[in-house]
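After this come two complexes, each holding chain A, first together with chain B and then together with chain C.
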Partner chain A sequence: MTSFLQILLIAHIIFGLLGVIAFYAVWMGLLKHKPSPRFLKFSSLWGFIALVLSWFTGGYYYVAYYGTTVKPVIKAGGYPWAHALFMEAKEHVFLLLPFLAAVVALVIWFWSERMETETATPLGSGFQIKRSLVLLSGLITVLGIIITLAGVIISGAVR
Partner chain B sequence: MSWEIFIKIAHLVGTVLGVGGATFAEVFYLKSLKSGQSETSGDFLKTTYRILRIGMIILIISGFGYLILSRLEGHAERLYSPRLWSKLTVIAILLLGVVAWQAKKIPMWLGSAVSFTSWYAALILGAWRGLNATYLEIMAVYFLLVALIAVVLAFIRKSLGIAHPTKT
Partner chain C sequence: MQNENGKNSAEGGSASGGKIASSAALSASVTVALITLVTIIADLNPPLKDWLKSTFSHHWIGKGVLAAAIFIVLTFLFRLMSLKTDAAGLSRKLAGLFWVGVLGALAIFGFYFYEAFLVG
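Let's look at the complex of A and B:
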């Protein structure tokens, strides 16, 4: 593997982790009694940028190296299901994450300043929006953790 | 300094901050309950939680640094170690446990026991090279320890005369 491809693989993993950590922070922040709009804006924007960067670096690595060099090794090795099951699932779920992240970041960016007043009571107009944001940021985090672990399984099968 | 040494130092720093933070979080939590403050209002407790979060981020990034090194140096078999997968599972339980606690879905005593046990379990699993146990055996011991620590912490609270909180 060339140094450039190694850097891409490392960047894919580190940006992916930072994206998941950022959305975990968003999830936790939204669950607070009084969420901080500034913190939520910063975390969701950074999370979105990190996931997009992980998307492009991982995508380039996949097209330029994984598909032609790593995949045949895994399929011929003792753990072919690491590609057939985990990589196939990972690449499809991973396509979705930056779009989910963009939705959360955009809603937080344009709405979070009004969150406190609109979620003051359970019947407040923003209550459902906040609830949806909690669910979406939780979904991004849980999916992110699952595909991160899938990445470990796939890397472990390269032998 | 090689990448391996750098990652090892970062991993140790993350573990120290996390395990130390989890220990002092429990101490400050008990102190704040005893002094009649709300469970998370104490300044020391807030600072400790911040340190815990920083420790967790350093631990996760450096932990994956180890995994990247193993992959790039041709030691992929290390990525299927039961010890590693137990550690990853414990950290995932810890992260989701904190969310459940924040969302008030689990009582404080359980969140506290999960956090305390998970940090120490991660430390022990990281340090115990050559541990000869399966994933299921390690996880069974972990869940038993969570229950045991919950009982011990409840006993400590009772002996200190602190009301046992059922929910945050």
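Let's look at the complex of A and C:
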């Protein structure tokens, strides 16, 4: 593997982890009684950017190297299911994340300033929006962790 | 914030921003559902996967490019349509996106589990 591809693979992992950490921060931030709009805007925007960067760096590595060099090794080894299940699911579930992240960031960007005033009533629409954002940021975090663990399994299957 | 109908507006300080957020939530639901369907159908239907490969150089790139294009185009189309942008409407769209995301991820994992372990 060339050093350029090694850098891309490391960047894919680092950006992916930063994206997951950022959306975990959004998730926890939204659960606070008085969420900080500035913190939520910062975390969701950088989380979205990190996931998109992880998408591009990982995508280039996957298309340029994984399919031709790594995939045959895994399929011929003792754990072919590491590709058939975990890599296939990881690469396609990962396609969903930037779109979920973009929506969370957009809604937080245009709505978070009013969170303190509109979430006081549990049955109010503002409360419902906040609850949906909690669920979405939680979903991004959980899927991100599953994808990360799938990456660990795939790496282990090559060795 | 109250709109002209007396409902809570989700638009906040920027009316166009609120409409884009609401449109993006609906557009993302459609995009996530399409990614899931194309992923499964392309694996079961080689001509579709071959078309993605020949058109975009790789099936994964094809799915990503198509998904991004659909998301952007639909967001602006929904933005042009007179969608409800009150807080209750936005809340429903976000809840819908959550469930589409959960079902999409489960469908993809379930499909590849089936392909990996249950098909010869």
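Remarks
The rule we apply is simple: the second predicted complex is superposed on the first by the 159 of 159 C-alpha atoms of A that agree within 3 Å, B and C clash if a C-alpha of one lies under 4 Å from a C-alpha of the other, contacts with A are read in each partner's own complex, and residues count from 1 in each chain.
Going forward, contacts are C-beta pairs under 8 Å (C-beta built on N, C-alpha and C of every residue); 3 or more make two chains touch, one makes a residue touch a chain.
Values in this document were obtained by computation on a predicted structure and should not be read as measured data.
After superposition onto chain A, partners chain B and chain C are found to sit side by side with no clash. Of the two partner chains placed by the overlay, only chain B lies in contact with A:158; chain C stays clear of it. When the two structures are aligned on the shared chain, A:110 is found in touch with chain C, with no touch to chain B. Comparing chain B with chain C, more residues of chain A are touched by C.
Of the two partner chains placed by the overlay, only chain C lies in contact with A:139; chain B stays clear of it.
Looking at the shared chain after the overlay, A:62 reaches chain C, while chain B stays out of its contact range.
By the touch criterion stated above, A:39 is placed in contact with neither chain B nor chain C.
Of the two partner chains, chain C is the only one touched by A:128; chain B is not. Here chain B and chain C sit at a least CA-CA distance of 18 Å once the structures share a frame through chain A.
Residues of chain A touching chain C in their complex: 55, 59, 62-63, 67, 81, 84-85, 88-89, 91-93, 95-96, 99-100, 102-103, 106-107, 109-111, 113-114, 118, 124-126, 128-129, 131-133, 135-136, 139, 143.
By the touch criterion stated above, chain A contacts chain B in their complex at residues 1, 6, 9-10, 13-14, 17, 21, 24, 27-28, 31-32, 138, 142, 145, 149, 152-153, 155-159. Within the complex formed with chain A, the chain B residues making contact are 57, 60-61, 64, 67-68, 71-72, 74, 76-80, 84, 88, 92, 95-96, 98-99, 102-103. For chain C in complex with chain A, the residues that touch the partner chain are 1, 7-8, 10-14, 17-18, 20-21, 24-25, 28, 31-32, 35-36, 39, 57-58, 60-61, 63-64, 67, 71, 86-88, 90-91, 94-95, 97-98, 101-102, 104-105, 108-109, 112-113, 115-117.
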